[in-house]
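After this come two complexes, each holding chain A, first together with chain B and then together with chain C.
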Partner chain A sequence: MSMKAGRITRIVAPLLAIPGTILYLASYFRGAWLLLAAFAIYLAGRAADLGVPAAAEVVRRSLRRAAMPVAGIVAALLIGAIIMVSTGYDPFTSYGALFYGGLVRGWSVSVLNATPLLFTGLAVAFAFQGGLFNIGAQGQYTIGVVAAAWIGLGMRLPGHIGIPLVFLVAALFGAALNALPALLKVRTGAHEVVTTMMFAYAVTTLSPMFIRAFGGDPSTSMHPYATDQIPASFWLPLFKDFLPKANYRLHVGILLAIGAAFLVRFVLLRTGLGYKVRAVGHNPVAARTQGISVGWITAASLLLSGALAAAAGATQALGLDHRMYQDLGSGYGWNGISVALLARNDPVAIIFTSLLWGLLDSGGQFMARTTRTPNSIIEIVKAILLFLLLAEVIYRKAGSSFGALFAGLAARMKAFGDSGGGGGQRGRGGGSGGEEAGA
Partner chain B sequence: MRAMGEAPPVLETRGITKRFERVVANRDISIRLEKGEIVALLGENGAGKSTLMNVLFGLYRPTSGSILIDGAVVSFDSPRDAIARGLGMVHQHFMLVPTLTVTQNIILGDEPVRLGHVLYRRARCRVVELSERYGLVVDPDARLEDLSVGLQQRVEILKALYRDARALILDEPTAVLTPAEVEELFAVLGRLSEAGTSIIIITHKLEEVMALSSRVYVLRRGELAGERRTSETDAAELANLMVGRAVVLEVERATPAPAPPPILRLRDISARNRRGLPALRGASLAVGPGEILGIAGVEGNGQTELCEVVVGLSLPDSGALFYGERNISKWSPRRRMDAGMGYVPQDRRGSGLVLPFSVEENLALGRSDRPPIGRHGFIDRRAMRKQAVDLMESYDIRSSGPEAAASTLSGGNQQKLILAREFSRDPTFLLVAQPTRGLDVGAIEYVYRRILELKRKGVAILLVSMELEEIFALADRIAVLHSGEVVFEATAAATDAVSIGQYMIRGGRMAP
Partner chain C sequence: MIDFLTALLTPQLLEATVRLSTPVTFAALAAVVCERSGITNIAMEGIMLVGAFFAAWVGWKTGNPWLGLLGGIASGALFALLFGWATISLHINHVVAGAIMNILAFGLTRYLMVVCYGRQGTSDAIPLTLHHYKFAIPVLTDLPYAGQAFFDQTPLVYLSLLSVAAWAWVFKRTRLGLSMIASGEHPMALETLGRSVYRVRYFAVIMSGVLCGLAGAFLSIENSNSFTEGMTNGRGFIALAANIAGGWRPLGVFVASLFFGFVDAAQLRAQSLGFVRLPSEIFLVFPYVATIAAVAGLVRKSRPPAAVGKDFDIESGGE
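Entry: the complex of A and B
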């Protein structure tokens, strides 16, 4: 009976979560209730399956996992506030504008920013899981745009054939761009950081050449800097098509990207390939000893990583830009590295880090427009956040003393009548997480 | 109890308890260390020795209990505090920077500085002076990565002395050393204790306790099982305290059967090492079913290359390898594994396990491609879990669960994990390299029993070991590897440790 309850909730929870996510992304913020309901039903299912303590453990574990990133974000914002105060800007109005702009007013822009980042973040994370640093995701992104422009401008196809074809070709192009780095890595040990980055620069530098090769109308002012518009049959569907109040530019690329995140997670955890990629990434010697072909797996990780990054380019070209622009430093490839690192290469966590990055970008622009505070402060906050979360290893080692520090801070906050007590627990949680019951 | 005027102990713990989330690693432990004394802390893997030392060194905070230095209660927030109070620790896995010189490593974190400038020459003088005073000879300008493990350990000791350590804690100091290096280390420790340094040595090797210490504390399952003066006890009593029951170190062996055709045969195998130098020179060996062939030899005489060639990690320059009737010289490791060859590598953390992987994922290594775990390219997590639960049960692997990372397991349990993975594949040939290095008595006994069990099932076993006792405890036949050549081969019954030792050291035939 109870097993049955668990199985039912496993079907019902996603049935609520998926429309909830779609609604929320389209700025129908009431979708959050559906998400909360889905989570509650999931927990109820766990409780029915495994008992209440186990369900409580799930909550506790996810809270503990979120504690450090959240603490890092809060700390980065605080440091940003200090910088604002010391340079003569008001942090309250600035942050008010940042979050109003990023989460409410310009939420659709945040989502649009996050879409390619999520793909490139996944690309970088997948390579990291295999022990490789695909620093050239920017190049694979660009080649993905090239694939979209090439197919879109060169062929007359209906959307249901054209769009999948573009993604397929983009993936092949992205993988092909990493084929030589992969070969060099496996055969000669040439480091992928150098080779993929060189290709990235080559491709971005050559992008004007591609634009000219695809032709275009020389009479328009954009001529040498952008291609003609890709025909509408290739465009990704818009949220507006089924949710009338959604922003007119918001396309379903974010749903594809979220789907890709879950797919990557599935591949890593549930397929032989993913298992081998992780084994090689963590210990190539042991993997080789156990009969895993390190060369093939290394090559496969790099190729798949390239394909994912190229999908970012294809999504951007088919969903938002509808043409290929000469690269003006969009930086989705480079930022994908930040997003992946923040998420510690966990594919599902990248959904949240890319949205965070996207909202800091769009909110920062809104802030710069509506207050005097320059957008560059948000860039500083981003850098501090990245630094804090990457330095976590350091303060995890010094866990106990930091726990004491956080506890002290918390006590002081309480003295001010503030509800900052959580800080102390977070600090201590991080401390005990670093210890191992080894002997 | 203590006479008036007598100096308090250099280091003392009173009722130390350390509790982790689910485990009590130390319970109510009180020990003391007098000036110039060498005390051994003996216990099985997982008995709580390292936890206790980490508490002493400020890496963990005790849940309750106190630490006293020179009779005064202290509290350490970090190793820095412990070092400031005159404690020095030499970890089992060295904490050194390979690309820096010896002097740079020693002064790292405690550099003599004037006006932001490191007084390197002064530091070097002090390093030289310290190394001369205690006979710790090491080139102060050598890059660390060029030094042998034994010398690196000296650098660790010097590092502690440089920080004026009055009490040294050594965690399993001999686990990584060759026999000759062990002797040198013991001499150094003797000199240090004569000079007034107090020493705690953590170990699970009974001979070391007997040879080195004046007192010994035995830990079992996180509790103090006993304290003895070394002169008033013997190895048997200590082993019983450690394990909590009588231990049999001699394992029964069945009489060897007459020789059937060999399972694995090496014919004139030559191979090079990583640096491209010849490491195996025309080695020929054969192992039959139900037979254990022990490869004796001093470390670095071609054992590593022999293992790599047999498993298929590297290819021989010349010669051939036969598995049954088939020439497998060019087969990949995967193909050899599928054909029924198993491998327990010497370096379990480096090549036996993927440490960040969970226990269940480590047990699935090499099996992800075929049922029940691998199905059409997908991984059946439920089958993986079931296999792990079964193997953890039948091989007595102790961890917090199948999801625990392999890195959190004790050395003995890590080895059991590898044995479980390799033995449960039902191999017909098994290469076992240094299977008990770094293990305690209880675990050694367990490993031996499992190996002999496989032998009785008819598995051909090639045992590579630097420890002669181990070879004699297990092998039916013994071959000696010297400079990459098989210089001697005989049945275990027809030879003895003395002559094998001679061949190991001198190589070629002795004068009659």
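Entry: the complex of A and C
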């Protein structure tokens, strides 16, 4: 009976969560209620399956997972505020504008910012899982844009053929850009940081040449350079088509990106390839003794990483820009590194970190417009946040003091004669929280 | 083609080669110093950028380029110290910490541009640059071919030549150099001898900050007269490649940097000649392609230090 309840909730919860997510992303903020309801139903299912303490454990674990990032964000914002005060800006109005702009007024811009970031973040994370640092994701992003402009401007195709074709070609281009770094890494051990970075600089430098080749006019004073518009049959569908009040620019790329996050998670955790990639990333020597071909797996993770980063470029070109612009420091590749690091290379966590980065960017622009505080302060806050959350020593120490706090609370609850049984376990769970999150 | 080559290979080209290789030489020496001690430093791009900003700002505020130079060195060393703290004491993965430092450097210099000059882009020009102090060394200038290129130069170019010699000597002849090599090859052995790996690595990181600060100062107050956002243009990463191509040795790295300086100079010259009908972007790409080629061709000839990039934690027995 109770097992059946669990099975039903496992179907019902996603059925609520998916439309809730779509609504929320399209600035229908009431979608949050659907998400909360989905979480409540999921908890109820857990409680029915495994009993109330297990469900409570889920809540506690989610809170514990959120505690460190939230503490990190607060600390980074505080340091940012100190910098602002010491250079003559008002942190209260600035941060007010930042969050109003990022979360409410410009939420659709935040989502648009997060879309390519999610792809590049996945690209960097996938390579990281294989022990490689694809620092040149920016170049693969740009080559993805090139692929979209090339196909989109050169062929007349209906959308259901054209869009998949663009993504396919972009993925091939992105992988091809990483082919030489992969070969050099496997054959000679040349560090991929140097080679992928050089390819990124080369492609970014060459991008005006591509734009001219696709018919952009170099003699005009247009700045930045851009190609003609890609025909509308290649454009990604808009949220507005099925949710009339959604922002007119918001395209479904974010849903593709979220889908890609779950796909990458599935590949990494549930397939043979993913297992091998993680084994090589964790310990190449041990992987070799297991009979894994370290060279091929290394090459495969760099190539797939390149393909994912190129998908970011294709999404941006087909969804938002509808043409190829000269890249004047969009930074989707570089920021992809940040969101992957912040998520500790967990594909699903990158959904949240890329949204965070997206909202900091759009909020930062709103802040710069309304309060004259330079939005580069946001770049500093981002770096501090990364620093705080990746310093494992700080993390571990803070984690264990949090753990001690939870253990203390659990002991006190036990003393009150709360449901019992789970108390001791709860304390231990809390104590290991730091390491668990730090691993 | 012959015409093209004769037009290309002029004494001015040799002079430009030496001049343009200077920032790469400094940064590549920084890479040698760090990697020989066991630290993978991809933060050099950012450290250079911070050094370039503060050199230009102090030089502009005081009107004295020598004080600007000091500002560049000090800010580079401080910024590198932060990187050292992250990698050595906080045990953050070196590559990850380096990436964060680069992000921080870009954000910080952009922010400081607005705070100090009230705008983005390029800073105010400093009244007097180090280029003003260009001087020829009497006898050596008269050497055939390379004399003028090497010995009629600006102060930091000379300093880069001296630095190469000094670091070559440190690694060859001194106990300090030996400690650094041990720290990069087998840190536990160094620790057993009673010398602190942390201390050696902190020294190396701060020295790399000084060198990158010099590289940045060269860009902003010797080779030009102002700071421009992102003016390092990947030189920190090219320096990493020069370090690999030069086999982790000061003299080898110097030759590799000269090669990159030559590619840069040839690129500028070929572009200005203009009789080759190619898009200008092709020339701009030269240095990056040359870097890949150099890494591809030369990487197998040498071996990186055994413990480079690996965290050393004395509390857990060196792992």
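As a working rule, the second predicted complex is superposed on the first by the 382 of 439 C-alpha atoms of A that agree within 3 Å, B and C clash if a C-alpha of one lies under 4 Å from a C-alpha of the other, contacts with A are read in each partner's own complex, and residues count from 1 in each chain.
FYI, contacts are C-beta pairs under 8 Å (C-beta built on N, C-alpha and C of every residue); 3 or more make two chains touch, one makes a residue touch a chain.
Please read all numbers here as calculations on a predicted model, not as lab measurements.
In the superposed pair of complexes, A:L273 makes contact with chain B only, with no contact to chain C. Number of chain A residues touched is higher for C, counting chain B against chain C. In the superposition on chain A, contact of A:L386 is made with chain C only, not with chain B. In the overlay built on the shared chain, the residue A:A232 is in contact with neither chain B nor chain C.
In the overlay built on the shared chain, the residue A:N283 is in contact with chain B alone; chain C does not reach it. The touching residues of chain A, counted against chain C in their complex, run 83, 87-88, 133, 135, 180, 184, 188-191, 193-195, 197-199, 201-202, 205-206, 208-209, 212, 329, 334, 337-338, 341, 374, 376-380, 382-384, 386-387, 390-394. On the side of chain B, the complex with chain A involves touching residues 20-23, 25, 45-51, 60-61, 77-78, 222, 311, 313, 332-338, 343, 345, 350-357, 361, 364-366, 368-369, 374, 377-379, 381, 400, 407-408, 410. Contact residues on chain A toward chain B in their complex (touch as defined above): 269-276, 278-279, 282-283, 285-293, 398, 400-401, 404, 432, 435-439. Every residue of chain C that touches chain A in the complex is listed here, in rising order: 42, 86, 89-93, 95-97, 99-101, 103-104, 106-108, 110-111, 113-115, 230, 233-234, 237-238, 240-241, 244, 279, 281-282, 284-285, 288-289, 291-292, 295-296, 299-300.
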